[in-house]
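Lettered A, B, C and D in written order, each chain numbered from 1.
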């Protein structure tokens, strides 16, 4: 049975694995202090059209989040995030384990707005009885598949700058945000609209690896000390570098994200055609249709996917995730099957 | 120039990379809850001849150490380790960053003895002015390439049990300890002589990955919560599992360790023949010859290696590391060159 | 101008200060290992009618909270509390700074219910993606002056026991909960309805000091290690002991709490008589009347108190706090003045 | 039996307690934001002849240490201290519990030298494998009663400034360092020779309380957030302020320190006269004579004191501590008794 459970069900894009195999015995120094890593850093700088950044590679998203946040904050400082944020619901309290509170903002679409950030700041910054709000964490796309465009990011970043806060953009699924026809946000915009972000590899064709890009000079010094201290510095950093080089030396990275988006669109349009609505409107590779429970159960006989939340007694929102590796035929068959059983 | 700087200079054994390539598109659930992971766990259980263990995979040694230690200790408890231990000298205070002190024991060969553990315990366990010594951390082989045999481990473990302490064996280079002709320690001994250990992949042919094996029932509950909280739980845990399956389904893992040991022996014997002594006697894949500085400089023109420590004004101990990927010819040439320039 | 801002505006009850002066030069060993401390512990055990408890003294409430919680939890475990709880709104992220998340429950009266605890537990205990809910923190009285009676506490405690959780009762203002005519909760009930609680001194006549009483055997071992490690172990612990001895050797502690409650009642009844309502119905020493802003401003010309929250554009909830030291006349005058200006 | 075990055996100087009693019912706002606290801060600024400092009050030495250190360091930074330092041997790993390693320097007299600091720095500052040495912690007097004079402090401070490190001086027994005839260090020197220090109250006549004085502007922002977060901010901060006002408004604070030193001198000279040597030469209120074990045992029949360390099979170093409250007669009698039994 095909699984729409997530975008890390397959190992990695063959081009990446072949590259590893081809270079298996080429020696390189450890911990990122060597040419393979420098090459990947250069390619990323070109892609984002910005030389004045520091780039570090870590093996996964929770690591990227906890290292970036704990390296950026002093002990009395806190994070602001959506209540649906990955650091809130999916990381076992990883941020708190480094000593920092997360102020959460309620949200129906996974996105937060500048005025909400400002409100949290106003309520909590001027008394030593509350941890000081210092960093805003968002994901683009969000956990609900929604996307911030360039202007929205700029507005949050401007708000952060005004308040003396940092903006950190989790880009675990960044490729899907950068490849939508009607959403204006590109690689080269990113350094201009946040203080630090990461380019996700694990969910977009890489075997593992996230590339953290630090734009704000304040956040650069000693960052690699933090990576090492939190266990995030791999001796073979060069292998993560190799993957990003392979993904970014041409259009592969964006092509894979576009592929996932396009297949999600097939699902979305088919599901609409079959007469169903959605828990949230997502243009990216996660779609959240609401099915009557008996329809959901029938589809579960043929496909694997995650139930998201009960909408009422009789209907449930589910999550379907497409990826760089999802075949188009499977999505078409899913829709056909849905239409068939819905008649 | 060939590098003897470490045992992670190459990417991974081709058999492992080929296996990834062959199975790139096979779907599996995330976070280790799937068949690839279960298979690797079963193979490890067979290798160590013990069913009653919990097995977890993390991506690197510092992670394995900080997760295992912080998951095992309450806030007021401390670690005991050699002053040359990896957690003391190579991990940027990772253990302290989780809140725990390390009591260090001076050592000339990287090993610690039961009476030294007992002494630290006696001095620090009965007053609430000192953190309570609760876990002994050792590496086998040690950072200096020396090895604990079965009886030595058992003696430390018995000491720990008597004192109510845990014994944790870092096995980053475990394969090299298990494949010496004259050192009696085997896979199946490990669960009997410690509370938790790990089987190192990164330094012995794997791309990345360490397999933590928990033997003591006290340490098992909620361990995976700690892995996730510290950023160590990879979504594609299945890829680490696949690597251990490939390394352990036959004798590959031990063969690779034996290869590294044998090449180290070529170096050791050649260096002796050339008339030089050693900073420490190491039977495994790290050797520490002491060279006159001009000899060291000449060898550095042809080979890359790490200077370890100045012995006096005129001589320096260096570190040569062999690995699963080191070619025999290179070691022979190294020796020949050394003999040639030493005449 | 008289201040109703809090219950720690005065130094301490003269009986306590006189006792210190009388015994200033009597020597005692440090850190609680001496007769003055043992005597206070014995008196507390008699008051609560339970011998099988451990008793520790720390200097303030935030310390009592962060030490008790961090000593009780493993790294992956979390706290459940009302969103208005002292640990949430008044302690600068002290709990998170020890590594633990607080799950918050919305509440209008400061109290939480067993079914709410259960709901948080059910949603978060069975996945390693969420920190494990292990300890429920409540205050009695709450931050809003409301009170849990014996049955309510027992219901939460039973719920905790069923779920394998601990119940911790912050008793910073405990005297005010124990001295209400129509609320059934007494000193001797406490060990039966929670796992650990503290008897607040600072806000009820003591100079400083809170007595932590550990009822659950699981939480007793090594507690004093945690106190010392967090900086909570005072060398002159004997002085905190002396204060509790003086407060508890007769009825002084309860008399002071009753006094505060009675004066609060004078305020409450007078404010009702003057025609005003309350933000929350509190029977204890904190009352929260809602005043038109111009009335509030006029009262602020004659009295000091805290504005709590704006209710709407024209009215504001304020907080009036009475204490062991508040004179009855001042409360009567406050009411008279209010009635006068409200006509 | 009179106790020479420590300098916190008595409660507090009667002048302090009387002042509390006299002002028991005077209201003041909480948390140091009121006149009593401002007055104490002003008096301290005058004493040290420096306006440009921030002053905070906490209740004990371990708190002062852990708060100052954790507030001053980023996560990857470490402390340098003598291996006999209070933070190393007497605080249950409090510094590590906030996430920071302590690099220790061996010492026979409790003091460390600039070249030793420099050596630790050189070995550990330029690799991301070691926590970055950022703050030097010393006590004056040290744990062994020895004293740094002005020039010695200046030399360490100059070294720290050169290396970009901070110097923190623990002044738990500061009064004893400031009142020696032949040691040149005065209140007004302190802001010039360190970045932050504290004036100890608990061991010199106060009931409790240490006054942290921050000289370096870098360390001032948000310090009170850290105090609150670590549980160190007492609601009745005004009571600590009152004590420092009373101690420092005239010469009481220094008089009490001088008294302790003078009585220690009586002990030292008497013990020398009786023919005994010392474990370390201390000019302040802790003296460390080495007694034959049978002499030690006989003295223990009449006096209480701490055994420090066994010197050999037959002799033991003990610790005698005098204080502001020690009567001169007791010291004279101690010496007489010693001489008597030594004949």
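As a working rule, a contact is a pair of C-beta atoms (placed from the backbone, for glycine too) under 8 Å apart; a residue touches a chain by one contact, two chains touch by 3 or more.
What you are looking at is a predicted structure, and each value in this text was computed from that prediction instead of being measured.
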item	value
Distance-maximising chain from subunit B - centres being C-alpha averages	C
Where subunit C and subunit D are represented by their mean Cα positions, the distance between them in whole Å	33
For subunit B paired with subunit D, centre-to-centre distance based on mean C-alpha positions, whole Å	43
Inter-centroid spacing, subunit D versus subunit A (mean Cα positions, whole Å)	51
Multi-chain contact residues (two or more partners), subunit B	75-76, 91-93, 97-99, 128-129, 131, 225, 228-229, 233
Chain contact topology (line, ring, star, complete or other)	complete
In the complex, subunit B residues that touch subunit C	31, 70-71, 74-76, 98-99, 128-129, 131-132, 222, 224-229, 233
Subunit D-facing residues of subunit B, complex	75-76, 78, 89-93, 96-101, 128-131
Subunit C partner contacts - residues on subunit D that touch it in the complex	2-3, 5-6, 8-14, 17-18, 20-21, 23-30, 59-60, 62-63, 65-67, 91-94, 97, 202-203, 207-208, 225, 228-236, 238-239, 325
